[in-house]
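Two complexes are shown next, each including chain A; its partner changes from chain B in the first to chain C in the second.
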Partner chain A sequence: MDILLGRVAFWTMLIGMVAGTSCSVVGCYLVLRRMSLLGDAISHAVLPGIAIGVLMSGQIGGIPSIIGALVFGLLTTLLIEVLHGQGRLTEDSSIGVVFSSLFSIGVIIITREARHKHIDTDCILYGLIEAAPLDLVTIVGFEIPRVMLTLVPVMLVILSLVFCFWKEFKIASFDPVLATAMGISATLVHYLLMSMVAAVTVSSFEAVGSILVIAMLIVPAATAHLLTDRLISMMLVAVAVSWISSVLGYWIAAYVNTSVAGMIAVIAGGQFLLAVLFSPKYGLVSRAFRNGALAVRIMSEDILARLYRLEEKGDSLASSSASHSGAGVVLRWWSDFLLRRQGLVSTEPTGKLSLTESGRHRARELVRAHRLWESYLGENFNLAPDHLHDAAERMEHFIGPKLQERITEELRERDSDPHGRPIPPQ
Partner chain B sequence: MDRAPHQNRPAVIDIHDVTVAYHRKPVLWDIDLAIAEPSLVAVLGPNGAGKSTLVKAVLGLVPLVSGEVKVLGERISRERKLIGYVPQRESVDWDFPVTVLDVVLMGTYGRLGWFRRPGKSERQSAMECLERVGLAPLAHQQIGQLSGGQQQRAFLARALAQDAVLYFMDEPMAGVDAATERVIFGLLRELHSLGKTVVVVHHDLRTVPTYFDDVILLNRRLVAYGKVETTFTTENLRKTYGGQLAALEIAAEAVQASARE
Partner chain C sequence: MLDYNTAVVLVGVTALAVTSGVVGTFLVLRRRALAGDALAHASLPGLVGAFLLFERRDLYLLLSGALISALLGIAVIAALRRYTRIKEDAAIGIVLSVFFGAGIVLSRLAQNRTTAGSKAGLDSFLLGKTAGMIYQDALIIVILSLVTLGIVFVLFKELKLVTFDPGFAIAQGWPTLGLDLMILSLVAVNVMIGLPAVGVVLVAALLILPAVSARFWTERLDTMILLAAGFGAIIGITGTFLSASFDRFPAGPVIILTGSFVLGISMLAAPRRGLVVQVIRDYRFRKEIECRALLEEIYEFAEQRSWPTKEQVLHRSGERAALRRLIHQGLVREMGNDHLELTTPGMRRAESVVLGSRLWKMFLDTHPDLAGSLVDLSHESVDEILPPDTVRELNELVRLQGRWPSLSAR
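Coming up: the complex of A and B.
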């Protein structure tokens, strides 16, 4: 149990959660401003700044690295804008050119100059979240991991910036033109956000590595975007996703003995996949479910209407129709089942279906909608009589009482459809 | 101010010798015009004539190569609160996680200034603006769930919430149905009757005589500015639209219609 709930476990998960909080809050703006790629670029391009910071101060992390990263983060943003602004290069190409060049410069500085300073490119890419809790410092009597000394202040700065400039960030992200017209400079907000990305990256990279930083910047925010309709709830959900990733990711990685950072990113990706499938509003499964429910409703209503018409002619309908095949059979079977359960139809001993009293009532409404629509089309459009039925067959399921009333008003007391059949009264 | 048309009162807006360039190619040349009195003005011109650029130049959104813009005798940077703006509908991401009320509240951000947040009174005035455009029942919907015409009306409600003296609207009538168009124009009339100036980038020449008092005819340079009766003529439209035949036919139709009225 020690490996799952002990001191090291506690600190590792907390480091993941603190880094995840800063990343996913800033990430919400990146995702909404469609700048995910820019976040990716900045998190790589700050490497020379970090390297220079390490060279100057002789230690990884800390103030010099953060300043170096901020300078290079802003430089990246500026260079991308200049290249793109020249009009010859598209934005994605500019991003590609700038970040790969700066990242390579960082790699060269580190491999040539800083080899002996306990820093290498592997550590920057993959991080060492497992080792971070072992490197402790004592602050007012408490032993805490050294990385927390940068992670926590950066998180607090990010959260207070977001709190103070909530409306400025919101309007500059939603409608930068209006923001600028109002005197809230969208450019200033843009650079402030990019500095925040740089600060988040440099504070997190030592603990969790830049690959996990990118995952934490984009994946929780993208997941939350699928699940929410308000900015504040999007941020809270994004933070929750990053926390779940940190806790579950650590536990699973400790259990199967694999890379913690990798597993955290995988869990985040897994949550995104779940959101893609099951988001109530935008999810694939929920959409398929809604379509399925609609198909069943239409089939049930078609059966009811058919029974009604047959009753009009004094006929009846066998319970399983041979006219369906494949998925249609399942749909028909399920619709029959539901209709019986709702008490709208009953099966006679001969195996024939017949309408119950409430079923007849519902069917009359449907046939009324169908024949009203036929009459309406026949009256207002130049359609051949044999073209009316199919159109009405599609529409009958969607014509509610309100629309029926309007059509009745327009048709002025008509009581039969263009084929001469009576329109049932309400 | 030697150029002010009234002795004591400065012009609502005074555009003095403005030239704007993108990538060193000028898109607007030497624009010189002053709107002296509160009025309802249409900005007309072919595609690429610089209509939107003119609006952006006035709002200080694009740098001027030369010239200056004054609003009520003051430089624009000092009078932003007096100016309302309705951008083109396509300029924003309608999937953005905000409600209709949130969007209207953004209209109040300019006068709130940095740090301060919209409070109860801002909320109330935003709801009133939504009521005026008939969207109050949809206040808490996410904006992407609105139809095109409703989105345009939400933008208009936001402009109302700005409570400006001078409004610029970039094609507010693009892609809306006839009913919404009437609602929008009703509101523009109302704003005008409250003594506000409304400048609308417009593309439908047919509706110009019905809805506007004044027109600005633009094709990279200012072709003409004045009352609809005197300025919205076939001759001026030919100068503005050049060889665009289809546009000219519509224009001729519109001029005839305005003559009949």
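Coming up: the complex of A and C.
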């Protein structure tokens, strides 16, 4: 149990959560502004800055590294803009070219220096969060991991920037033209945002490594984007996702003895997958479910209306209809089942279906809606009588009492549809 | 200096880089430059997974695994774009990082299970290692390169159409989706054979660097492909020698930096799109505009009163330089007591400049609605841009208002 709840475990998860908080808040802006790949580019391209900082201070994540990363982060943004603007390259090509070049420089500096100094290349590239709690410093009597000294201040700076410039960032992200018109410099916001990306990248390096930082930036924010439509709730959800990734990622990785950083990315990806499938509003499964429910409702209502019309003619409907095939059979079967359970339809001993009293009431409303709509179309659009039915067949499911009332008013108490059949009273 | 091993590596890497240039051209022009990156990162879990599953370090087995997970990654990106509200950029970022994370997780598991020797083997796939390339590997690379080049050669017309006008290609009933998939699978194969040499992280850059460099030099697809292949060859040869001489550096970054250097040169020195030429062109254009403005000012001053003194027309420091240029060109001459005068050729030039400017202003007055789409005030004359009947109408209006430049006739 010690590996899951001990001191090292506690610090590792806390480091992951602090890094995740800054990353996912900044990531929300990246996802909304469709600049995820610029974030990816910066997280790769700050490597030489970090390497130079490491050369100067002999440690990763110190103040020189942060400054180096900020310089290279802005340089990346600038170079991409030069290639895209003056060089007239497409944006994706510019991004790809710039970050791989700068990343290569960084790798070469680090491998060169790794022989002289005690630098773990793996740690910089792929993250070694599990080693971070072993490097402790004492602050006012408490022993805390050294990385917290950069992670916490960076998180506080990021959060206060987001808090202070909430309105500016929000307007510039959703409507840059409006922002410019209101006197908010879009360029300034852009570069401020890119500096924030560079800062969270470098501070999160020890937690997740240079390549997996992008997982912390983009994946929680994208997950939140699927779950909510408001910026503030998007940020909160993103932070929650990153915390869950840190805790579960650490536990699973510690249990099977593998890379914590990699596992954090995988857990974040798993949560994203869940959101893709089951998000209440945008999830694929929930959407399919809603469509299915609608299809069942329409099918049930069609059955009711058909029974009503047959009753008008003094006929009844056989329970199993041969006109459906494939998915239609299931749909028909399920609709029949639901109608019976709701007591709208009953089966006679002869096997025929007939309306119950409440079913007849519901069916009358539907047929009323259908014939009202036909009359309305016939009156106002001068369509041939044989063109009215199909449109009304679709609309009847969506004409509520209010709309019915308005149509009735407009038709001035007509009591039969264009085909001469009576419009049932309410 | 060129021993057998280096020769093998040289042939392999060069063939790889040449094909990358050719295939990358389509990727860059199709604006899919980062699809290669996603493909490469997404290949890692398959590569390590194949190793874990079969417990063998057979290169072709590993690369098959890599190909499967790379294609899965691309499919996930396409599905996210098609079925969710996630945009392409985020989709690429997500697939890239999550697949790569899974790859790291698996590779750590592989390290736990096996000895240190095989660990080094898997590690070299991250940042590349050319030294391990043997004769068979180079042979496979060359064969696959030839196949790829052959396909591009045979399908050149089709690929060209799909690249530049996919809408037209669809309307003509071409199998656009199939051709797109064809490009993507060429990219995938190319990434796979590049993995051992350049590494997961940087192999995609090898695809775009030669193509992007070539883009600076030409506007034609066939020239661009040939140039990209040539740049690929340069990158391959130079990169191999460099990474052979700096043994302790991973090969990927060395090769990519060679490519960055080629790109830097192209960006600066290319004849029409290069930055140096652009800066010179901008500078000349600014000078030209300043000269025209000064000519116009002298002319209009003389039109209303008499020849101006220097103080009357020179307001900013830039105008002094413009005046020196005009005098040097023999368009303006200095009279006694600081007066300036237009020479005969100067007068002709000034009248043409002034007429152009008045016609433009008249056009702005009479057709303010068209101003945004048509007006290019940097053009001295309206004739080249506006339709002839509009030009006649404008000429008439300027004459009627008595603003036709006619100083030379006085």
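For this structure, a couple of remarks:
Throughout what follows, the second predicted complex is superposed on the first by the 419 of 426 C-alpha atoms of A that agree within 3 Å, B and C clash if a C-alpha of one lies under 4 Å from a C-alpha of the other, contacts with A are read in each partner's own complex, and residues count from 1 in each chain.
Here is the rule we go by: a residue touches a chain if its C-beta (ideal position, glycine included) is under 8 Å from a C-beta of that chain, and two chains touch if they have at least 3 such contacts.
Please read all numbers here as calculations on a predicted model, not as lab measurements.
Overlap between chain B and chain C is detected when the two structures are superposed via chain A. Of the two partner chains, neither chain B nor chain C is touched by A:419.
When the shared chain is aligned, chain B comes close enough to touch A:170, but chain C does not.
By the touch criterion stated above, A:215 is placed in contact with chain C alone, chain B being left untouched. After superposition on the shared chain, chain A has more residues touched by C, the comparison being chain B against chain C.
In the superposition on chain A, contact of A:180 is made with chain B only, not with chain C. Contacts of A:226 after superposition: chain C is touched, whereas chain B is not reached. In the superposed model, A:103 lies in contact with chain C only, and not with chain B. Looking at the shared chain after the overlay, A:234 reaches chain B, while chain C stays out of its contact range. None of the stretches 43-51, 97-105, 115-123 or 187-195 of chain B clash with chain C in the superposition except 43-51. Counting contacts as defined above, chain A residues 34, 87, 225 meet chain B in one complex and chain C in the other.
Of all residues in chain A, only 32, 34, 87, 164-168, 170-171, 173-175, 177-184, 225, 228-231, 233-234 touch chain B in the complex they form.
Taken in their complex, chain C has these residues touching chain A: 28, 31-34, 36-37, 41, 80, 83-87, 89-90, 92-94, 96-98, 100-109, 112, 126-127, 201-202, 204-205, 208-209, 211-212, 215-216, 248-250, 252-254, 256-257, 259-260, 263, 267, 273, 275, 278.
Within the complex, the chain A residues that touch chain C are 31, 34-37, 39-40, 83, 86-90, 92-93, 95-97, 100-101, 103-105, 107-108, 111-112, 115, 125-126, 211-212, 214-215, 217-219, 221-222, 225-226, 253, 256-259, 261-266, 268-269, 272, 276, 282, 284. Across the complex, chain A is touched by residues 23, 56, 59-61, 77, 80, 83, 85, 87, 91-93, 95-99, 102-103, 106, 109-110, 112, 114-115, 117-118, 142, 162 of chain B.
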